[in-house]
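The structures considered in this document are given below.
In the two complexes below, chain A is the common chain; its partner is chain B in one and chain C in the other.
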Partner chain A sequence: MELKKDRLLEALALLREGSDVALPLPADDGGEPAFRLWDGVQEPFLGSNTSLPPKELLFPRSEGMYGYNLKTGELSDILPEARTAVFGIRPCDVKSIENLDHAFLEKGYVDSYYRARRDGLTTIALGCSEAARTCFCDSMGVAPGDAPGADLMMNDLGDAYSVKANTEKGEAVAKLWEGLLSKGGAKAPAAPACGFSVKADDSLPDRLTARFDDPMWDSLSKACIGCGCCSFICPTCYCFDIGRENRGACGTAFRCWDSCMFSDYSRMAGGHNPRPSKKERLRNRYLHKLAYFSQRYGATLCVGCGRCIDKCPANLDITRVMDMMEGVDANG
Partner chain B sequence: MARPGGAAAAAKRPVAEAGPGAAREGNPLLPAMCRVIKITDETPDVKTFRIQTADGAKPFDPMPGQLAMLSAMGVGEAMFSVTAKGEDWIESSIKRVGLLTEALHGLSEGDMIGVRGPYGNHFPVDAIKGRDLLFVGGGIGLAPVRSLIRYALERREDYGSLDVLYGSRSYDDLVFKSDIFENWPAVCNTHITIDNAEERWDGHVGFVPSYLEEKAFSPENRVVVLCGPPIMIKFCLESLMRMGFSKENVITTLEMRMKCGVGKCGRCNIGSKYVCLDGPVFTMSELDGLPDEK
Partner chain C sequence: MSDRQEKMRQSAEKLLRDGEVGYVIGWGATRFCDRTTPVFIDSPEGAASLVWNEHAVNSLAKYLLDDKYPDKKIGLFARGCESRAVNRMIKDNQVKRESLYLIGVPCDGKSSDRCRLCRERNPLVYDVLLWEPEANAAPADRFERVRGVEAMSPDERYRYWGGVYDRCIRCYACRNACPVCSCRECYVDMGRTGFQGKQHSRSDNQIFGVTRAFHVGDRCIECGECERACPMGLPIMGQTQKMLKEINELSGEYECGLDADSDSFLGRFDLDDKDEFM
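On to the complex of A and B.
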C-alpha cells in the first residue's frame, strides 16, 4: 500500500484523534530539530534525522516517580498514562528503542514508568533515502531503509510513501488510514550506503576489553571536557539519577537523565570514586556502548546514528575508537 | 517529551499494594513507608536501625548479604546491607559519612523510614555447608558479614568451625560490642584487634592483615568471608594468598554508588556486572575476571 505525500497531514490528523502524535519538528526558536508533540498544523521536518533523539518519548529528561507526604508518610505512584504515535522515526532510532527495551524491561526487574510509556507507543518509521556524513548505521547492524522493529514501516517513493505494517499496532494504523491509502507501493529505491564504515563484528567486545589498560584511553580522554553532551544526545544512553523536590510537607521524587561522564556519577559518600578521572569515565562509556552491553544483553549499545560525532565539542569520535581496535587480538 | 500534567494524571495507588516484598511484581522503585523501632549507638559515628513495617511486620525476608534501599523521606535514599533480621524486623548499621546518612542519624525511634528491597545476590550459604568459616571484618565492614555469622550460628550443625577476626581503629570504633565480647565468644572463636594501644584495652593490638597471618589459619576446608575498607581487603588478600588460600575460597561483598538498585540507572557497574543485581557478593576469583574499577 502507499500513502500519497499530499495526504500525509490528513493521515497524521487521523492518528491524532486517538493519541498524541510526535513528529520530527524544528524548534520554534530555530533550535535543534527534535521529536515534539504535533499541534496538528506544522509540517514535519524530514530532510535529515533530528539532532535530538526520540528517547524522551519513553524516558523523559525528567519525570515524577512518586509523591510523598513528609507528615503522614503517604506515598503515591505517579505512573504515566501516555498514548503516543511517533511518525518519522529512522531505522537507527528504532533500533535504539530495542536497546532501551533490554535495559528497562529485562534482567529480573521491569521499570514501571518505561513500561507504561512503551506500551502506549506506536512507532511509524521512515526509511532513509540519504545518508548524512556522520551516519554509520549499516556498520552497526541497521539497514537504513528498513526498521523491522517498527510497528509500521514507510519509505519515500517520490510522490508517495510505501506503507507496510510489521505488528498489530501497525496494522491498526493501516486500518485507520484505509481511506487514504492506495494500492501500489512500488519497491522503495535502495537506501544509500553510509559514507563510511567501521568494523564492529562479534569480536569487538573482546578486542575492546583486551585493551582495558591501554594508554590509548589516556590520550583519547585528554580532549574530553566532560560536558556530557554525548550522553544527552545519544539515543541509547539511559542512565538516570533520582532526586527529590520538597514543597512544604509534600514532595515529589523524580528521575532525570544523568551522564557517566560526570565525576559525581559514581562518587560515593566519603569521597571514594571508582572512576576518578576522565580517563576511567570515557573508557567506561565506550566500553559500555561497545562491550559491556553486548556481554549483558547480546546487543551493541550504539546504533550508528552519528549524533555524538556531529555534536561533540572536542571532536571525540566513537568510530575512531572502533578503528583503533583493528588488528587487536581478542585474547589480549 | 515531558507530558504536562503528569502528576494530575497520576494513577494513585495505595501504599499497601506496593510493599517492598512485592518489589518484583509492583513498581520496583517505589519504597514502602516503614518505622524505625529501635536505634543502637554502636560507635561515635555508627548507629544500628531496627526497622519494621507500619503494621508491625518484617519489611522483607533477606538472605545473608542482601541489600536494602533505605530513604530519609525528602532527603534521599542509599543502599545498605541488612546486618540482621528477626521475626518482625530487619536491621542495618549505618556509618555517618554524608548528607543522607547524616539525616538517617537524625531519626528517632518511631520515625518513618522508606524501605525497598531486598536487592542483590547473597552469600553462598549452601555451597559453603560443611566448611570451616573464617569471618574477617574491618570497621563497619563487619555489618554485612554479621548477617552470615548470625545465619551460621542459627544453623550451627551445618557448618564446621567458626572464627571471627575483627579489627577497628580504636576500642570506641568497634561495632556490635555485645556480639563480639559477649554473644559470639560463647559459641565461636573470636579474635579482636585495634590499630593502636589504649590504656583500657588489654586485647590484641595491630592491623587486621598481620593479625590474620599471626593466627596462621589453615586453608584446609576453610572459606574466608572478608569485608572492610578497600586497603584492608587488599592487604588481607595478600596475607591469605601467602597463607595458601585460593581465591575461590575468599568471598567479599562490594559497595558502589547506587540509585535504582535494580540494574537500570547505570552507575554501579564493574564491567558488564551490576553490583546491585549481580553482587554485592563476589568471590575474589570472580573479581579477578572484572575490570579493576572497585
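On to the complex of A and C.
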C-alpha cells in the first residue's frame, strides 16, 4: 500500500487521536533537530536524521521512579503511562531500540519503567533515501532502506510513501489509515549507499578484547576531551544514575542519563577509581559498543548512525578502532 | 597554505629529532577533508601527518592540563587563541612556561564560527614564529549579543535562558573544551554534594550553566571553544561575555590572556579596598 505525501499530516493527525505522536522536528529556536511530541501542525524534519536520538521516548533524560514521605514512610510508585507513536524513525534507530530492549528487558530483569514505555510505543520507520557522509549502518548489520524491527515500514517513493506493516501494532496503524492508503508501494526503492564502510565482522569482539592492554588505546584517547557528548547523542547508550530530590519530608527518587566518560561514573566508595583517566573510559565505551554487548547479547551495540562522529568536539571517530583492527587476529 | 604546513612539519620534526620536546601537539587529518583532530606527535617521522588548513579549528591549549609535569618540554602550535590560553594557564599556576615550547603560527582565519569574535590572530607568546604575523581582521562587535540579551525584558530573558537550558544535555563539553576551566576535580563530578542535582531539569541545568559562567567568567579569553564544542549549539559564551562586559564597565578595558602577569578580576586582592565589608 502507499500513502500520498500530501496526506501525511492527515495520517499523523489520525494517529494523534489515540496517542501522542513523536516526530523528527526541526531545530526549534536555534537548537538541534530531535524527536519531539507533535503539536498537530509542524512539518516533520525528514531531510536527514536528527542530531538527538529517539531513545528519550523510552529512556527519558530524567524520570521519576518512586515518591516517598520520610515522616509517614509511605512509598508511591511512579509508572509511566505513555502511549506514543513515533513516525520517521530511521532503520539505524529502530535497531538501536532492539538493542535497548536487550539491555532493559532481558537476562533475568525486566525494567518496569522501560517496559511500560516500550509497550506503549509504536514505531513507524522511514527508510533512508539519502545517506549522510557520517553514516555507516550497513557495515553494522543495518539496511538503510529497511527496518524489520519497526511496527510499520515506510519508504519514500517520490510523491508517496510505501506502507508495510511488520507487526500487529503496525497493522492497527494501517487499518487506522485505511481511508488514506491507496494501492501501490509494492516495490521499495533501492537503499542508498552509506557514507563509508568499515569492517566489523563477528570476530571483532574477540579481536578487540584481546587488545585490552594495547598501546593503541593511548593514542586513540589522547585527543578525547572527556565530555559525555558521544554517550548522550548515542541512540544505544543507556547508562543511568539514580538520585533523590527532597522537598521537606517528601521526595522523589529519579534516574537520569549518565555517561561512562565521566570520572564519577566509575568512582567507588572510598574514592578508588578503576578507570582513572580518559584512556580507560574511552576504551570501556568503545569496547562496550563493539565487544562486550555483542558477547553478552549477540548484537553489536553500535548501529552506525554516525552521530558521535558528527558531533564529537575533538572529531574522534569510533570507526578508527575498527580500521586499526583490520587484519589483526585475536591472538596477535 | 601548504607552504606553511610544510614549515610546521619541518619545525616539529627538528624539535623531535633534537630531543628538544617530548611530543608536539598539532592538528591531523580525519576521514573528512573539512575536519581535523588534535594529534600528539612523538617521533620525527610522525611530523609528516601534521595538517594546517582552514579546518584546524580546535584550540589545543586545553590538552596541556593532561600533562602538567612533563618529563620533556611539550611542543604546542600556538595561534592567538592558544597563546592567550597559555598566558592565563601560566598565571593560574596550571602550566609552567619552561615546560612548553611554543611554535608560533599566526592564524590565517579558520572555518569555525568560534573565530567570529577573534581579536588576536597572532601568538602573544612563543619560542619561534614560523611566519610573518597576520593582520588582525576587524572583529565583530564584541558585546553585540550580550546587549541583545540585556535589551530583553526579564520575562523574555528568562524564556531565552530557560529555552537554552531545556536543550542542554549536560554533556559538559563546554567545561571540558574550555582552556581556563582547570579545577582538578569539577564540582559536578564530586557526587552528591547537594550543590548540583544530577537530574536533567531546567533548574539543575541552569545551575550548572550559571556556576560554569561565574567560575570562568573573569578568566574567559573569548576563544569560543565552549560554543564550538556544544553539540546542541547553545549560545553559552554570552554568559561569560556578560561577566566581561560588566567588568569592563566597572573597571575599564579588561581582556584576558594578553599577558601572563595580570591577575584575574575576581582574583585581585587589595588591602586598601574601599569597600567596608572587606
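The rule we apply is simple: the second predicted complex is superposed on the first by the 330 of 332 C-alpha atoms of A that agree within 3 Å, B and C clash if a C-alpha of one lies under 4 Å from a C-alpha of the other, contacts with A are read in each partner's own complex, and residues count from 1 in each chain.
FYI, a contact is a pair of C-beta atoms (placed from the backbone, for glycine too) under 8 Å apart; a residue touches a chain by one contact, two chains touch by 3 or more.
Worth saying up front: this structure is predicted, and the values here are computed from it rather than measured.
By the touch criterion defined above, A:95 lies against neither chain B nor chain C after alignment on the C-alpha atoms of chain A.
Of the two partner chains, chain B and chain C are each touched by A:267. In the superposition on chain A, no contact is made by A:285 with either chain B or chain C. In the superposed model, A:241 makes contact with both chain B and chain C. Once chain A of one complex is fitted onto chain A of the other, the partner contacts of A:111 are limited to chain B, with no touch recorded for chain C. Judged by the touch definition given at the top, the superposed model places A:62 against both chain B and chain C. Contacts of A:80 after superposition: chain B is touched, whereas chain C is not reached. In the superposition on chain A, contact of A:256 is made with chain C only, not with chain B.
Set against each other, chain B and chain C touch different numbers of residues in chain A, with B touching more. Across the superposed pair, chain B and chain C both touch chain A at residues 61-62, 241, 243, 258, 267. Chain C makes touch with chain A in their complex at residues 30-32, 35-40, 58, 62-63, 66, 163, 167, 169-173, 175-177, 185, 189-192, 197-201, 228-229, 231-235. Of all residues in chain B, only 1-3, 6-7, 9-13, 15, 18, 23-24, 26-33, 54, 73-78, 97-101, 112, 114, 230, 255-257, 259-260, 262-272, 277, 291-294 touch chain A in the complex they form.
Across the complex, chain B is touched by residues 20, 22, 35-37, 56-57, 60-68, 70, 73-82, 84, 103-104, 107-113, 209, 212, 238-244, 246, 251-252, 255, 258, 260, 265-270, 272, 274-275, 280, 284, 287-288, 291-293, 295-296 of chain A. On chain A, the positions that touch chain C within their shared complex are 27, 29-32, 51-52, 61-62, 133, 196, 219, 222-223, 225-229, 231-233, 241, 243, 245, 254, 256-259, 262-264, 267, 278, 309, 311, 313-317, 319.
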